[in-house]
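Labels A, B, C, D, E and F are assigned to the chains in the order they are written; within every chain, residues are numbered from 1.
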Amino acid sequence: MITEFDTSLPSTRQLQNLIKQAAPTEIKLLTGDILTGRVMWQDQYSVCLVDDNSQQVMIWKQAIAYFKPLSN
Amino acid sequence: MITEFDTSLPSTRQLQNLIKQAAPTEIKLLTGDILTGRVMWQDQYSVCLVDDNSQQVMIWKQAIAYFKPLSN
Amino acid sequence: MITEFDTSLPSTRQLQNLIKQAAPTEIKLLTGDILTGRVMWQDQYSVCLVDDNSQQVMIWKQAIAYFKPLSN
Amino acid sequence: MITEFDTSLPSTRQLQNLIKQAAPTEIKLLTGDILTGRVMWQDQYSVCLVDDNSQQVMIWKQAIAYFKPLSN
Amino acid sequence: MITEFDTSLPSTRQLQNLIKQAAPTEIKLLTGDILTGRVMWQDQYSVCLVDDNSQQVMIWKQAIAYFKPLSN
Amino acid sequence: MITEFDTSLPSTRQLQNLIKQAAPTEIKLLTGDILTGRVMWQDQYSVCLVDDNSQQVMIWKQAIAYFKPLSN
């Protein structure tokens, strides 16, 4: 996926909000995996999630099907 | 997927109509998941769906197989 | 998929013919789903199929494996 | 997939040879489907295969895993 | 996936750190495979992993769902 | 996948080495298929593998998860 990482885009801002709020987030991947944790940062190509065991996972944006805040 | 988000494109307009009408919509993902709800907004890379429990889901357009209005 | 929607391309013309003829068409998706109906329109990113129950389905071209006319 | 459809590329020429020779060809898709037939034409985005029952199938190149001549 | 291989991007730097530290790394692919080993190098399109048997595997970045350091 | 086919890239050179050495190679596809043989050539979009029965297979690079030399 080519993303311009335009921070004015709603989708980018939505992820930025989840980062600022350290909100529990669920991310579903195209593999079918569901990862949960807090989003630490994002860049053009990936999202860094930290789970409850402080394990960092660098998720390729190309592999994401959807994400949702868990405490909505 | 690179989309230019050209609002004159039929596919973009179709989604915009579903947003305006708050029409119940079904979205099938490449993972096989079927999500239903109302589309709140779209941008170049994603679609925001709100389900019956007011849960927001940010769906990557790259992961969409098809969408259809349920009350057609 | 980036498509330039060049209407002189055989693949684009083939789809346009199916639209003009309102020919029953089968579309196989990368999800494994097989959808049948008549193609109403296409744009750069999607194809609109109407099934026998008049249900419209907007199919992302990125999710298409193949299509074939059923009355060939 | 963005292809420039450079006819000097080995992969494009290979497909062109199969078309000229009307050689029986097997195409494996990312869906896991295996289609066999003769390749009629290709353009930038698709390949047209005709099977033994004269059924035309327009295969999106994005969905192809591999192809191979059967009478090699 | 088009990547500009911008070494200032967090995701690129993160991988570079794993390379420098020769840190045990787990890479999950879109096929569902989980590969573990040490990342030797990366370029724009791939990542080279060496497993415990010194077997080199060249992984296409397009096929990566996520990676994570195992000794985090 | 858009590749510039930059022959100075490690991943391109690695494949070129396998071609020069006619080294037995395993290629895993996104379909889950594992193909083995010798790589004959590559271009921007595909890799040509010849198996032990001299069967040529043209593999789309977009469909590759990883490749590895078998006699490493």
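Rule of thumb we're sticking to: a residue touches a chain if its C-beta (ideal position, glycine included) is under 8 Å from a C-beta of that chain, and two chains touch if they have at least 3 such contacts.
For clarity, every value in this text was computed on a predicted model and none was experimentally measured.
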Keeping to the contact definition above, tell me which chains border both chain A and chain C.
B
Between chain B and chain C, two copies of one chain sequence, what rotation angle (nearest 5 degrees) aligns their Cα atoms?
60
Give a one-word verdict, same or different, on whether chain A and chain E use largely identical residue numbers at their interface, taking over half shared as same.
different
Suppose chain centres are the mean of their C-alpha atoms. Which chain sits farthest from chain C?
E
Farthest chain from chain D, going by the mean of C-alpha atoms per chain?
A
Length of the line joining the C-alpha centres of chain B and chain D, rounded to whole Å:
33
Taking the mean of the CA coordinates per chain, how far is chain D from chain F in Å?
19
Distance between chain B and chain F based on Cα centroids, please, to the nearest Å.
38
Among the residues of chain F, pick out those that touch two or more other chains and give their numbers.
1-2, 29-30, 32, 62
Can you list every chain round the ring, opening with chain B and moving on to chain C?
B, C, D, F, E, A
Can you list the residues on chain F that touch chain E in the complex?
1-3, 6, 9-11, 14-15, 28-30, 32, 61-62, 64-69, 72
So, in the complex, the side of chain F touching chain D is made of residues 1-2, 29-33, 35, 41, 43-46, 48, 54-60, 62-63
